[in-house]
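Please see the structure below; I have some questions.
Labels run A, B and C following the written order; every chain starts at residue 1.
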């Protein structure tokens, strides 16, 4: 072998390694980009789910949640993820995730931190958007922002450190497996929302004096449906963010178990199809059908890379068919969840974790010494996720309620939040022009 | 060369091969994701093209088509594609595409089946969406689903096996060339739709007693326009699914002819621009302009990788300019195609195949022993595609008509499908609040 | 080393090189695709920002701009970029960019030209869309198309040749640095628009006889907000088009300075968050918040790959907070900028260039002999960009005004452009059904 050939080989190896860094950046860049579609979707969905008088207030809230999560997840969230996989003790890895670390900015020797931070930030903003729809038409902007930051920059990411991290204690101790973040994102966000809704109370007119519920339909259902389909497109960005690129090797999950993106593709579509058809089966309602699409994918998420596709379809069908029932149950408890997020995200997240406990029992986790997937580990982890969401959501919203800043005054709610809080009208030429407002 | 260097070389080769699998998965994953934008787009487009009273029924139909195609294409469609390239004899390759094959689920040794299946499933759902808009406002959901499954899980994919497959008999025998699936997707879906429309009949009020047509405009044209632009974005996912990644080699078409994605980029944009301007030239109508964008890309699809860009522009301009005339002709035949799919997809697909016959005559197909591209081969193949779409669409819809389940009762059609079939209203606060419905 | 091993090494090297070409094509293909989302977004945004009577005319204009830019950028724009980096002398590199060059079409030996041309064409169409929103409700379609072609196929791309090109004279002579095209795209388009607006004049009713401005709100603010969020998604495609893929090496900017996509990710999101919050701080207005998101990203664009993320946030916050003030100032000058593009693009672009002059002073440019980044170079280049936009925009619109074809007749403006210019209505069933028009 000539020296030239040796040099060629060495150079090629180095270039191949560099290629791996670049490829990973490209992958997660597109994940981040597509997750913006989740936010375009939530924006459409939520404004459509509001009555006209609250449309822009719903939108403002949603846009602010995304915007506030960027700096707060930079300051706190990323540190929490890297610091607390073992529970409440700070791991060494946390320090590199603090704002004054050289990893937390442009750095030619670190092509990973920024892109992973960005993808995680989009996850964080998604948790806030999950709550956002449920609390429309009566929450104050200030209280919502505090709750959104608590959920997106603190709570869910602690759950992710525990249960969606190669060294998370739920996995290393209990064998927890949750490939596409059904626990830390959906279960936590759903139950955090439940905690908030209890203190927030229902919209005026949602329940009659005898406790019977009155439907308050959103003013633009087509807009909500299109928004939900944009969320589905964005879900591919989210799921792409749940698989780890290994240069020249097999893909792994965040738990270091080997997988393929091909497997993700099978079960993402099966989750979509099963969820839509399940919800159609029980409701015939397009809003629930598209919510079922989300619920179906969420329900398959914990074992997304392993299920036989027809099994994924069945899990999704079951979940899509049952979310409307769960939502009805929540309503019968006197809780006003305007878009059904407790059912679609909270309940479906739990189903996802338990389904993995049932169907994947015995499947190994690669983390050293970690027990294999097992039902009790999944059940216990689901309880942890439910509590990690519910307790902070309940306590913080209780505090805000006691301080008198959780909910807008009754008069504002009746008039509509837009008129009081937003210096513009959604449809100046109608429908819904406020009395006295100038038409063109 | 030291043993270490030999090992390094061997390892690098192996890693490079693995990289190829992963790169292909990533490419088609994003194709699949972007094709969801086609469905968000069709959803917006179709609901906008309906009258208010039928808006949600149109949406429900569209969402169901996508959802039903997932399991049915898994069970039947993928097998048909792999089994029938030679005509009606089952090829060996078909068996790996059956639901009980180890390829049809997560499999660490097969990183291709899932991702290709997913991309093809999105193509399948697209064929159903092409039909979906044309039949709005009077078809029953049940009949539509049966027709959608027939088209998406059986008919078009048989056409793909014949004419969009490296071993498809139309190519190996007749020299058929159709890079971006103008034949199996657009021609077949368009003519299947024509067959259905003949039996379905026009909407009440579409034709006067003397046969003159009355325009029935959709209730939200801006929504339709935005939907069409989302379809254009999704088209890049569709076209990305029409080029085969070769690790460390030149791209090839599905016919194994060499190409570049760069060539696709030139002619996709030229197809867009030409199609819009052609339709603007003849109509000044935004709905037709955006339909012209689709038609222009479709018209360039068969030779997308070969045309000189100004030629692609000219083909697209011609097609965009003529689709409104074709749509008028269809209407004059007494056929009520609510969104012009027969013209936009059926006619443009045929133009695409014939244009390739004219401008690419003599261009070689790589499949062994296959004749080069030739006009008669393209013409004959176009006839096959037209018949393969039209005949099943006509016969199956005739059967459904005879059974009395093709069309909703007249009374339902007059009242609007939403009121009878969907337990929610699109715009509860107006416009279009049904008489007696509770406003807020 | 055996001959087999030598052959293996040689082959692997060749495959690796080929892989680089393919990877670059894939990257910019997705950039192009996502930039279609910019156009879906602008379409939604602009139609929403029009009054009902002008909705479809606004959409038609927008779609036409994109469509006309495809052939004109093919014929002129790409040549200008490659020919004029040194000023007004034609460089050798220009000839390969002319329509009769073998590079300007499918070419198995050139996998770069088509994909780069496509991405640049989307940039070009974006400049036209920036202007498009400002001039709604009174410009003629013909004049708009002439101006759009001038801006998109000639003016901005000359600015790009000078200041967004590895050999551009602004960089080689003055040390100009502008990573994500804040100057050639946003500054030029914004000030071109200003020039046009001066001659075009305000909409009837925009100013009272005493000069006070009357707000003319768009008819569908939710649609505008969703459109703006789709533009943000598309911005990731735009920014991806601002980084150069180097096979097996470090990313570089268009100025050949090393960077990472990870750095882009940090500061893109920081720009988004800071811009939204800044605009919220000064206005509480959702339209300005989402405009602030654009402004924030634009303001960080010139130094996108270098800023410490909290600095990027601060720059974006400042810019988001000040754009409404700038827009008010423009209005007080008697100029009617219907969507604030002069502030959002023109002003933010200038802020971006100057901020890089302040915060990046001394940072080296890699082009041989080029001075490092310096404030005077950035300031001088900003002046060049402002003039390069303003002067042609002003002169050409003045010419069109003198010819009497710039603006629709007063009667048409009062009735609405849709009724006169577009053979369809946006909402045939209301709201806004024109008097005498047939409801369903």
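The rule is simple: contacts are C-beta pairs under 8 Å (C-beta built on N, C-alpha and C of every residue); 3 or more make two chains touch, one makes a residue touch a chain.
Predicted model, so just to flag it, every value in this text is computed and none were measured.
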item: Rotation angle superposing chain A onto its copy chain B by C-alpha atoms, nearest 5 degrees; value: 120
item: Shared interface numbering between chain C and chain B [over half = same, under half = different]; value: different
item: Gap in Å, rounded to a whole number, between the CA centres of chain C and chain B; value: 32
item: Residue numbers of chain B (touch at least two other chains); value: 1, 5, 9, 12, 16, 19, 23, 30, 34, 220, 430-431
item: Contact footprint of chain A on chain C as seen in their complex; value: 1, 5-6, 9, 12-13, 16, 19, 23, 27, 30, 34, 51-53, 217-222, 225-226, 229-230, 232-233, 236-237, 240, 245, 247-251, 258-270, 272-274, 276-277, 280, 283-287, 289-290, 293, 305-310, 313, 430-432
item: Sites on chain C touched by chain B in the complex; value: 1, 5, 8-9, 12, 14-16, 18-19, 22-23, 25-26, 28-30, 32-34, 36-37, 39-40, 43-44, 47-48, 55-56, 59-60, 63-64, 66-71, 74, 99, 104-108, 110-115, 117-118, 121, 220, 223, 227, 421-431, 440
